[in-house]
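Heads up, there are several structures right after this.
You will see subunit A twice below: alongside subunit B first, and alongside subunit C after that.
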Partner chain A sequence: MKRLRYFAWRLLALIPILAGVTLVTFLISHAIKGDPARVLAGDMADEATLASIRRQFNLDKPLPIQYLTYVSNLAHGNLGMSYQSRRPVAESIRAALPATIELALTATLFGTAVAIPLGIVAAVKRNSTVDHIIRVGSVGGVSLPVFWFGLVLLVLFYRQLGWLPAGGRYDPRLVPPADHTGFLLLDSLLAGDPGAFWLGLKHLVLPAFVLGYGYMALVARMVRSSMLEVLSQDYIRTARSKGLRDGRVVYGHALRNAMIPTLTVVGMGVANLLGGAVLTESVFGWPGLGKLSVDATLSLDYPVIMAVTLIITTAYVLVNLVVDVLYGILNPQVR
Partner chain B sequence: MRNPSGRWTLILLVVIAVATIAAPLFTHYDPIKISMAQRLKAPSSAHWFGTDEVGRDVLTRVLYGGRLSLAMGLMVVILAGSVGTVLGLFTGYYGGSLDEILMRALDIVMAFPPLVLAMAVSAMLGPSLQNAMLATAIVQAPRFTRVVRSEVLLLRDAEFVQAARATGASDLRLLFRYILPNCFSSILVLATLSVGTAILTAASLSFIGLGAQQPTPEWGAMIAGGRTYLLDAPWYPTFPGVFIFAVVLSFNVLGDGLRDALDPRLRGRG
Partner chain C sequence: MSRFAKWGVWSLSAVLFASVLSACAQPKGSSTAPGASGPSTQPTPGAAWDGTLTIGLPANPTSLDPRVTLDGIAKTIYYNAYEYLVVVKPGTSADLVGDLADSFSASADGKQWTFKLKSGHKFWDGTPVDSGAVKFTFDSMLKINQGPASDFRTIKEIQTPDAQTVTFVLTEPFSIFPNLLTDIGIINPKVMEKEKGGDYGSGYLAQNLMGSGPYRLADWKPNQSVVLEAVPDYWGTQPKAKKVVFPIFTELSNLRLQLEKGDLDIAWGIPTDQMMSMFNKPGIKVQDNVGFDFIYVYLNNLKKPLDSVKVRQALSYATDYDSILNDLLQGHGKQLKGPYAFAAEGYKEPTFYYKRDLAKAKQLLADAGYPNGFTFTLLYASPTVGAAQAAQVLQANFAEIGVKVQLQEIAEATRRDRVDKGDFEASMGQWVKTAQPYWTMNVWHDSSRFGLAGDRSFYKNPQVDDLLRKAVAEMDATKRADTYRQAQDLIMQDAPYIYLYQRNSMLPMRDSVKGYLYNPVPYRINLPDLSK
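After this line comes the complex of A and B, so read on.
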């Protein structure tokens, strides 16, 4: 019951946060110099046209009313018009979102799947050579500039070895499999086309690795240090003295408890990963939200920048919610 | 500092800092001047790191760019650290509705992934070095406020603070003379780690095109410039990146080392 109340409270706490986030993006887009009506209408527009655009987009109303309009538009999926393409931002977002989800999800899965065993090995074999290699690799991962790491791996795997493509999501000369889900790998499986799947995978592997590496490093470090903490506890000694095998102690007793503090860095890891996705997509020409937003940044296409900021932040807030809920489930103290 | 890796990284940082400050002693090339005849030359004895697309020496630009990147990292942290610390001191000490409002506002700022917010803010302010620094500082300040506030909450009712209060010390004197010095080790650890993050964030903004503009030598901007010539001149974007990596890594290791040294609870772990 107590736990249920905790989850309900956590869910309610989302409302002010998301309201605040929309307020920030609204204020940022308002602080931008220049007259949005003029940008929408173009340089040639006369005063009458400008006035009608201001009326149409509520730009002549006081700020609080404009904010409410903005929020109500958001609630209806209206993210504004792109200055550049003069089309609804929501359209571009819808087209780019699956690519980003595919990339970020692959990177997170890869990162988690590698980080946990590495962290365990480093903790169990503390101060061994393996531990040192893992520690150096993980400190390095947190400090790597992802955009540079991506370029270096491109030189290696594309220029030198020729194993992987230079970027993009699919070979531009070929027709990708029919778009059902927006997720290329899934679509190629649905189309029963292993060739397309393989090609899609080859495009995905490098960006996902580059993006997932920093996350993996962060999580591996945390798994290691919380495993060390847990392994020194009395109940672990009790478990060992009962004659339990090492594997049983490590995986049965220690890991579950070590995962609790690890979960707290997952949120931070995902924040870095979402920021990193912007850079990774830009380096690899991956047609997702990050590339959309970087391209928009260069042309100062504010509605697109703000929409991407809002969506990535909402995703991050939701990930933190899931992390908190999992924390509540795993951690008996929250019960 | 007993941590050996902390000591080594400190030495590395000092070497890099000295090399960037004394750049004219190590290289006689001009970081800005164009010489098309020397365009995209591979590393050689004349140009250790090769040359860029307009014939400038990459080593020279890396060294001069280092001045900028290091100075930017330090200035961002000084700005974010001092604003964040003062906010943390007052909000933690006085509490009440001011504290409540400020902390909820910081929750909102921290709900944004840092780089994404930095991008939005510096896009709003307009692409330039100063704006990228300001955006990076805005993203970092809340961390200082949070850390300092939680320390103040523990310290404000400590016996030595109560004793000073009983002798008639003013609030300001209590905050800056008694409480702040005791927050110093946490601030130092966070600041060290933040320099690395700040350099990385500022370089990322420059890479996107929001920070330093051509022809200013800056590490992130150099990588962005070298990206176009990646296949013909891989050295060009590679070297500035090596320096970003080395400096950020050093600050992170140093910060970890400081934390271990200053926080007895963590000693012997990690």
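After this line comes the complex of A and C, so read on.
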């Protein structure tokens, strides 16, 4: 009950956080020198044309009024209308968000699934050749520039080997499965179309690998260092002296405790993958939130900038909440 | 960790690894697994042409409404879905021919333009394209008052004496009025059934097309692809390509990779530096034509020391035009020898233009009172094609006469805002338009257009203003060209800008693409004749 109340509070705290984020984003995006009306109307527009556009998009009002109108619309579930595409922002988000989640989740699954075993092996075989290889690979993952790494993989797997497609989410010449959930892989399974599933998966492999690689490296390094710390603890020595098998000591006793600090990195990593896939999405033409936010920023499309920021903030807060829940499960002391 | 969790981690790794391997092992171009539905079968390379063309684009289109949009990508998409009163004759740079118009003529005073429409043209729902539709398109564009509307401010009234005749009554003589019409597709007035909140259907047309051209919109997935399909039972000639797919690329290296590999038939938007390597690629041909894409430098004529004619002339003499042309464009362009652009209507080689002459440049600087040079800031932004490279060359060029240039890269929106307000010393600029001298003469130099509206150097010479206004009102093309040349002679002495170069229009495509005919209007590809 106590824990439930805590989580309810945390969820409620999301409201002031989001209010603060809307205000800060609003101020920052409006501080950029530039006039969205001019972007829309074109260079040769006269003052009357600019005035009519400002009126239409509520840009002629003082900033506090613009902000209050935005917040009031938001409270009614209205994210506004994109200046550029003239579509409701919610519609653009609805198209981009599942693509980003699909990419980020696959990257997370791949990264976590590879990072944890690697981190354990590196810790257990400390200073061995295997450990060195894993550490060098991890340093590479953290430091490789995404746009360079992505292009190298494209040249190799698309141009030279012809194994994987060059980018995008699906072959644009083909009709994708009916859009029920926005998640292409899920939709293709729902449509009972394994061909579409494979094609979708092939498009996902490279961007998910590139996005997940840096994250994987980070988590592997964290698991390794946490494991090393835990493995030097007295209770581990006790466990070993009791004659427990190595596997039992590592997986049964050490790993659980080593996972506690790792969880924070995993949580932040997941949130980062959701909000920080801009470069990966750009290199692979992945139609997600990153791409949407870059376009919106370049064209001063305030409603889209605000909406993307809100969504990413919400994702951060929710992921942190989930991490807290898991913390409680892993570590009884924080219950 | 429990035994279950342990098992979970390992089995998840195994599944992912197996998925990756299987995905990799699936040979490209093979048909999909048994049970797959028809559409998810990939086209097989080398098979007979299935009537599909694939054209890569460098960005997502914004609104597709011709009355609203200024976006080049949107124009590429909608161009073949609409018909226009007149179009530029393919293969020429400036000759207008009727598209919907059978003939057109102006009144003697140049204030009335009358168009006789061809009969038999129909919108996709069978409604005839008549004078009412033309009037609706332009009236609603002016009411919406966004984007291209500002080019049409001279329209006072549109008359439709009968279904096949439409007359534009203008507030002042405007000799190039028909040239503006190549941009505005005629819209089916039934779009008003989709009107919301007095928007004249522009919300609907942002994402839909309602024209009378041979292609219609089949699908649009934002930031992924746009698909056009041939209109079934089209009243006119059926296009050769039944389907045109426009995948959208954000990483332009990827656009190039896909063209080289043969997954794209045409790639639009490959950056200039990467374009040069496309000329010798096997399987690829580059359509290389005179373009109307200008790169120039705005010198703020109101800021010291750039307010001095001699200083501006000195900078024009210090510029190494040949080096910029040869190094950056490898010859795929021309020096802009003045604002009257090469191949524009009535063009003749100018008698005077700037060539590199450092001694003269130094002398002019000394005469202007700056024998030891001065320092100024040159702004540029990444969307200006080749701006960074050209700016660096200029920096080196000017250093040779003792002028120090501080290069400052800023966001495009900020650069434009500062240019509009005159809050800059110099800025790189780009201008993409058609072969009408009006754009580069009147718009760049008429002092009523200070700022982004066109006169971005804040240049003012009353004599030039008079000549430019006289030229655009002149209905005789030869006299008009002569007047423009007189204005150009004065402008070149004042050197309000540094006129750098006119970039060729370069469009790389696979050798297998047939029927391409260059359309000199930027962002236009004539799709109906293309095939493989």
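Please note the rule applied: the second predicted complex is superposed on the first by the 272 of 335 C-alpha atoms of A that agree within 3 Å, B and C clash if a C-alpha of one lies under 4 Å from a C-alpha of the other, contacts with A are read in each partner's own complex, and residues count from 1 in each chain.
Simple rule for what comes next: a residue touches a chain if its C-beta (ideal position, glycine included) is under 8 Å from a C-beta of that chain, and two chains touch if they have at least 3 such contacts.
Small disclaimer: the values here were computed from a predicted structure and weren't measured.
Once the complexes are laid over each other on subunit A, subunit B and subunit C cannot both fit and instead clash. Touch criterion met: A:V317 reaches subunit B, while subunit C stays clear of it. In the superposition on chain A, A:L300 makes contact with both subunit B and subunit C. Shared-chain residue A:R159: touches subunit B and subunit C both. In the superposition on chain A, A:G182 makes contact with neither subunit B nor subunit C.
By the touch criterion defined above, A:L174 lies against subunit C but remains apart from subunit B after alignment on the C-alpha atoms of chain A. After overlaying the two complexes on the shared chain, residue contacts for A:Q84 are found with subunit C alone; subunit B is out of touch.
Touch criterion met: A:R38 reaches subunit C, while subunit B stays clear of it.
Which of subunit B and subunit C touches more residues of subunit A: that partner is C. Contact with subunit B, but none with subunit C, is seen for A:A271 once the two complexes are overlaid on the shared chain. Residue contacts after overlaying the shared chain place A:L151 against subunit B and subunit C alike.
Within subunit A, the residues touching subunit B in one complex and subunit C in the other are 32-33, 147, 151, 154-155, 158-159, 282-283, 294, 298, 300.
Subunit B makes touch with subunit A in their complex at residues 104-105, 107-109, 111-117, 119-121, 123-124, 126, 196, 200, 203-204, 207-210, 220, 223, 226-227, 230-231, 234, 237-238, 240-241, 244-245, 248-249, 251-253, 256, 269-270. Every residue of subunit C that touches subunit A in the complex is listed here, in rising order: 1, 6, 9-10, 12-13, 16, 19-20, 22-26, 28, 31-33, 35-37, 39-43, 52, 54, 59-60, 62-63, 65, 68, 70, 145-151, 153, 202-203, 206-207, 219, 221-225, 227, 243, 245-251, 253-254, 257-258, 260-261, 263, 411-414, 416-418, 420, 443, 449, 452-454. Of all residues in subunit A, only 32-35, 38-46, 48-49, 52-53, 84-87, 92, 95-96, 109-110, 113-114, 116-117, 147, 150-151, 154-155, 157-159, 162-177, 188, 191-196, 198-199, 201-202, 205, 209, 251-252, 255-256, 259, 281-285, 287, 291-292, 294-295, 298-300 touch subunit C in the complex they form. Those residues of subunit A whose C-beta lies close enough to touch subunit B in the complex are 16-17, 20-21, 23-25, 28-29, 31-33, 139-140, 142-145, 147-149, 151-152, 154-155, 158-159, 224-225, 228-229, 271-272, 274-276, 278-279, 282-283, 293-294, 297-298, 300, 302, 305-306, 308-309, 312-313, 316-317, 320.
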